[in-house]
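Consider the two complexes below, in which subunit A is the common component and subunit B and subunit C are the respective partners.
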Partner chain A sequence: MSLQVSELRVHYRTLRGDVRALDGMSFELKDGEILGLVGESGCGKSTLGKSLIRMDGRMRHVGGRVVLDGRELPISDDRAMNEVRFKEVSLIPQYAMSALNPTRKIRKMVGELLRSRGAEPDTAELERRMDQVGLPREVLDRYPIELSGGMKQRMVMVISTLLDPSLLIADEVTSALDVSTQKAVARALLGFRESGYVRSMIFVTHDIALTHHIADTIMVMYAGRLAEKAPADVIVKAPRHPYTKLLLDALPEVGVRYAERRLEGIAGSPPSLLNPPAGCRFRDRCPVAGDECAEDPPVVALAPDHHVACWKA
Partner chain B sequence: MLKLDDVTKEFRIGAFGGRSVTAVKNVSFEVVPGEVVSLIGESGSGKSTIGRMILGLNPATSGSITFDGRPARPGKEYYRHVQGIFQDPFSSFNPVFKADRVFAMIKEAYYPAVPEPEWARRVAACLSDVRLNPGQVLGKYPHQLSGGQLQRLLIARALLLDIKLLVADEITSMLDASTRIDVLNLLAELKARGLGVLYITHDLSLGNYLAERTVVLRRGSVVEMGLTEKVFGEPLHPYTRELLSAVPRLHESWDDAEPVDTCLYHERGAEGGLLEAEPGHLVACARLGACPPVRP
Partner chain C sequence: MRRYFGRKLLIYGLTFFVAVTVNWMIPRFMPGDPVASMVARANVSQPAAVEAMRAYYTSLFGLDQPLITQYLNFWGALFRGDFGISIWLFPTPVSAVIGGAVPYTLALIVPSVLLSWVVGNRFGAYAARRKLLDNTVLPVGYILTAMPYMWLAVLLAWALGVIAGLFPVAGGYSFSMRPTWSWAFLLDLLHHWTLPFLSLFLVALGGWAIGMRNMIIYELESDYSAYLSALGAPARLIRRYAFRNAVLPQITGLALQLGVLVAGALVTEIVFAYPGLGSLILKAIQNKDFFLLQGTFLFIVLGVLIANFIIDIVYVVVDPRTRAGMAGAQA
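Here is the complex of A and B:
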């Protein structure tokens, strides 16, 4: 068992009170598993990714535990996390374009980074990994500004995984890329797992179609809570939560004629997390909501690896 | 209605404008009333530059853009008929003012003589056309509204004018999957009322959903254009095939898709511009007809 998250609660402090971005998330991630994390903006998916590696000043760890490889991560203690960060848990940030120091050549930057973690730079290994993602070796002697967006993204991927972390968090890594670059980057991530550079991965995105290609398991979040978690094929072919169903119905696809049929969006918007209403948070937008939805739906296992939080599922 | 003829745009770059880069090269196409044309390309393909030239925000270096038979000249009369909406709804509004000030600005500029009650009626009508509840959006600041609401406010603002052509530059890329479709359906409805829409996007599935005709751009030139079902269903240019094969699909994995052969003539294109594969389906391919059409 590689990662266990139980009842994790993380709030953002604001002048008007606490925003409950994560309100009791529990899930498990097996060794070698890629978990796709999808949801609308503001559902807490990036917050979850961030809480596992570095909380920023506005975030407050309210409750819950995170256990990685049998050891509890001190996620609320920024200093104590230094020891695991980059070695055990690593992150590919959303805007890799701005994650590289613009005043250093790549080679120097990688060297400084590794030495700061007490590791010696291994040029041969670095070059081997660059070959694997299709980056030419000259890149090492260039400044970040001389690379294209896709190259920077792949360079950051190589750097973040240099110390073979157990868990990699990829936060919207392909959102800013074109379709063909997106495919190359996604493939490279899969290659990282096969080569053993990372053991398991959380792939945060809003693109369900893309997640389906990469992830073994997909977890759908809604308003700070888990809505549904199941193997990727099950989520796409036989979703049980009404939110997952509507989300898939709102997805236009290439190669399908839409002359007669129109897709439907989901009316309404998610509740404010400042003072979220009691009960199921999708209730107001849900077509099948009933009286029991005024109470919090428990997360139920429909099958050993299919979890749904819905009274009607 | 809108016609681009051999439009080219060069940008001067470097410290003293010593070098130039060609962003758009010999592009010609047309948008007729009641039609959505999607302009598809990757970053840097010149799709937004074309939109900005049509809106008169950048002048074209050569070639002509005509609207209803007259050269498109930015000015009050032109903007009465042609309006644009851009990607980021939050930077389209001035955060200091209430969002509905965009309506008051239209009234000041174009309809100063319309009495206040009549204007309020028109605003309400346009808001209901874009499925917004006036009570929820009027009198609010931009940060109090969602991205989808702001984009729809901008569409409503355009509808207050005598609009014939809407240039929609990536208007749904900042929106969530659940609200994005509503904005697209709204464009489809406006199209049925005779509005021409130029829908600029990098997302092939959205272009496929909405558009009658598709123009595929690469490095500033058109590589393929025609009816959407032809361009997406029987793509002829290797670049179009490559793009289509890279799109993630729900019910098919990347490995199942037929591999796309790299084409030796890929970089060369067709000398002398676009060739007509069949009526209305134009391709820039030097080996047109020599390769069999492949389903993506």
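Here is the complex of A and C:
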């Protein structure tokens, strides 16, 4: 087992009370597995990604454990986490376009960052990895402003994985890219796993179609909780949770004209996480909800790799 | 790069031209007649003698010529380094009068501007990360920066000069001394220099510290700082990067503030009767001394322009983004 998350609860402190962004998440990630984490905005997927590497000032770890390679991560202790960051857990942030210091040449920045973590910069290795993602070597002697968006994105990917972390969190890395660049990024991430630069990966996104191509497993989150987790093919072809089904139905299909039929979204909006209602959180929008949904649905294993939190599944 | 500096030089040249023209105009359109006051100073009672003196002075200063000729002559003389003859200290040439005052003003402005900038930035960056300092010392900074230069000067002169008696409150050096290159005289200079320097330094210090504190907080919240922290980089490295980026707007601020700082220095000089350009301007106005006034203004304009040009160059050196803009960005 590479990563085990059990009953993780992370809240945002606000003036009006705690926002329960993660409310008892449990899942496992095997060695070498790529987990696609999908869900709509505000479902807690970015919060989960951040919790595993660096919580920001408003986040509070309320309960639950995170164990990576048999060692518990001190996720609420910013200082103790420093040792783990970059070496064990690394991040490709959502804001890769602005993640590089604008007043340092990239070679110098990478060198300073590595040395600050007690690692000697290895130019040959760095250049080999840049070749792999198709970055010209002279990029190292440029300032970030001189690179295009896609180049910055790839540069950040190379930098984040330089110390061969066990777990890589890729947070919405394709959101700001056009389709052809998305493909290149997805392929590069798969290449990183093949070359052993990263062992396993959590790929946070709201793009199910893209996730399907690179992830082994897809985990669907809803309102701070796990809705369904299954191998990518199963999620796409045989989803069991009503939310997953509606999410897939909301996607346009290639080659289908939507002249007769309007593309359906999911009616309603997710509940406020400030004071979430008791019971299943999808109840209000769920077409098959019944009386038993007034109670919290437990996460059950329908198959060895297929977990669903729904009474009706 | 060459086009950039070419354009900058053109702009500075134009500014200089306009400044010199305005500079020439102001005293001439000011109310009052300098020749009349010179004649009056001579205390002559015979009308014929008064008339003769008036004619002599008017032609001596070239005031009998048409305005346009005066203007052209002014430019001609300027390029020969001839600023005319002072009316107040007749017949000393203006260049000599200014030459005697410039070292005092420079000795006051250059250290106070540079030191307050450096210390203010360091201090602001430090305060941004300490809640205690942020809540106690920075409000003092707000008070300091809101203070008019001359008022702080008066306060300092009163507290440290009159009450405590630690420093002299007026002059560039003691009346009992002659300017020589002796240690005693240099110490005396330093002693007289301290209070005017301190008042300039303190007022500017508060402003820089506040600006830097806000910039550092902004930079520490920026994406590259978040990325570095996510990769476990030590706070030292992140702070160093933040400082480097936060200092850029402060450099721009320095360029913008220079004019104000110089003006503040001039007023402070008057408070302490410090023998620099500020006191000279006051004397020139009091005595309707056109030529001296023009000469000092010209010097100040030149000084501010040169300082701005230096800052332009420094900015290009420290911010790679301005260089990228000049060369045309590469894809």
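Throughout what follows, the second predicted complex is superposed on the first by the 313 of 313 C-alpha atoms of A that agree within 3 Å, B and C clash if a C-alpha of one lies under 4 Å from a C-alpha of the other, contacts with A are read in each partner's own complex, and residues count from 1 in each chain.
Note that in this section a residue touches a chain if its C-beta (ideal position, glycine included) is under 8 Å from a C-beta of that chain, and two chains touch if they have at least 3 such contacts.
Predicted model, so just to flag it, every value in this text is computed and none were measured.
*Asks:* Put the two structures on top of each other at subunit A: do subunit B and subunit C fit, or clash?
*Replies:* Subunit B and subunit C fit side by side in the superposed model.
*Asks:* Scan A:Asp178 for contacts with subunit B and subunit C and give back first, second, both or neither.
*Replies:* first
*Asks:* In the superposed arrangement, which partner chain does A:Arg85 touch: subunit B (first), subunit C (second), both, or neither?
*Replies:* second
*Asks:* Contact-wise, after the overlay, does A:Ser41 reach subunit B, subunit C, both or neither (first, second, both, neither)?
*Replies:* first
*Asks:* With the two complexes overlaid on chain A, check the angle at subunit A between subunit B and subunit C, Cα centres, nearest 10°.
*Replies:* 70
*Asks:* Contacts for A:Leu246 in the overlay, against subunit B (first) and subunit C (second): which applies, first, second, both or neither?
*Replies:* Only subunit B is touched by A:Leu246; subunit C is not.
*Asks:* Does the superposition put A:Asn101 against subunit B (first), subunit C (second), both, or neither?
*Replies:* Only subunit C is touched by A:Asn101; subunit B is not.
*Asks:* Scan A:Glu146 for contacts with subunit B and subunit C and give back first, second, both or neither.
*Replies:* A:Glu146 contacts subunit C only, not subunit B.
*Asks:* Is A:Glu292 touching the first partner subunit B, the second partner subunit C, both, or neither of them?
*Replies:* Touch partners of A:Glu292: none, neither subunit B nor subunit C.
*Asks:* Using only C-alpha atoms, work out how near subunit B sits to subunit C after the chain A superposition, in angstrom.
*Replies:* Across the overlay, subunit B reaches subunit C at a minimum of 7 Å between C-alpha atoms.
*Asks:* Taking the complex as given, what residues does subunit A use to touch subunit C?
*Replies:* 53-54, 56, 81-87, 90-91, 93, 95, 98-105, 112-113, 116-117, 142-143, 145-146, 148, 156, 159-160
*Asks:* What part of subunit C is in contact with subunit A in the complex they form?
*Replies:* Answer in residue numbers: 222-224, 226-234, 236-237, 241, 244-245, 248, 318-321, 324, 329-331.
*Asks:* What part of subunit A is in contact with subunit B in the complex they form?
*Replies:* Against subunit B, subunit A makes touches at 40-41, 149, 178-183, 186-187, 206-210, 212-213, 236, 246-248, 250-258, 262-266, 269.
*Asks:* Would you mind writing out the residues of subunit B in touch with subunit A in their complex?
*Replies:* 42-43, 146, 176-182, 184-185, 188, 202, 204-206, 208-210, 229, 232-233, 242-244, 246-251, 253-254, 296
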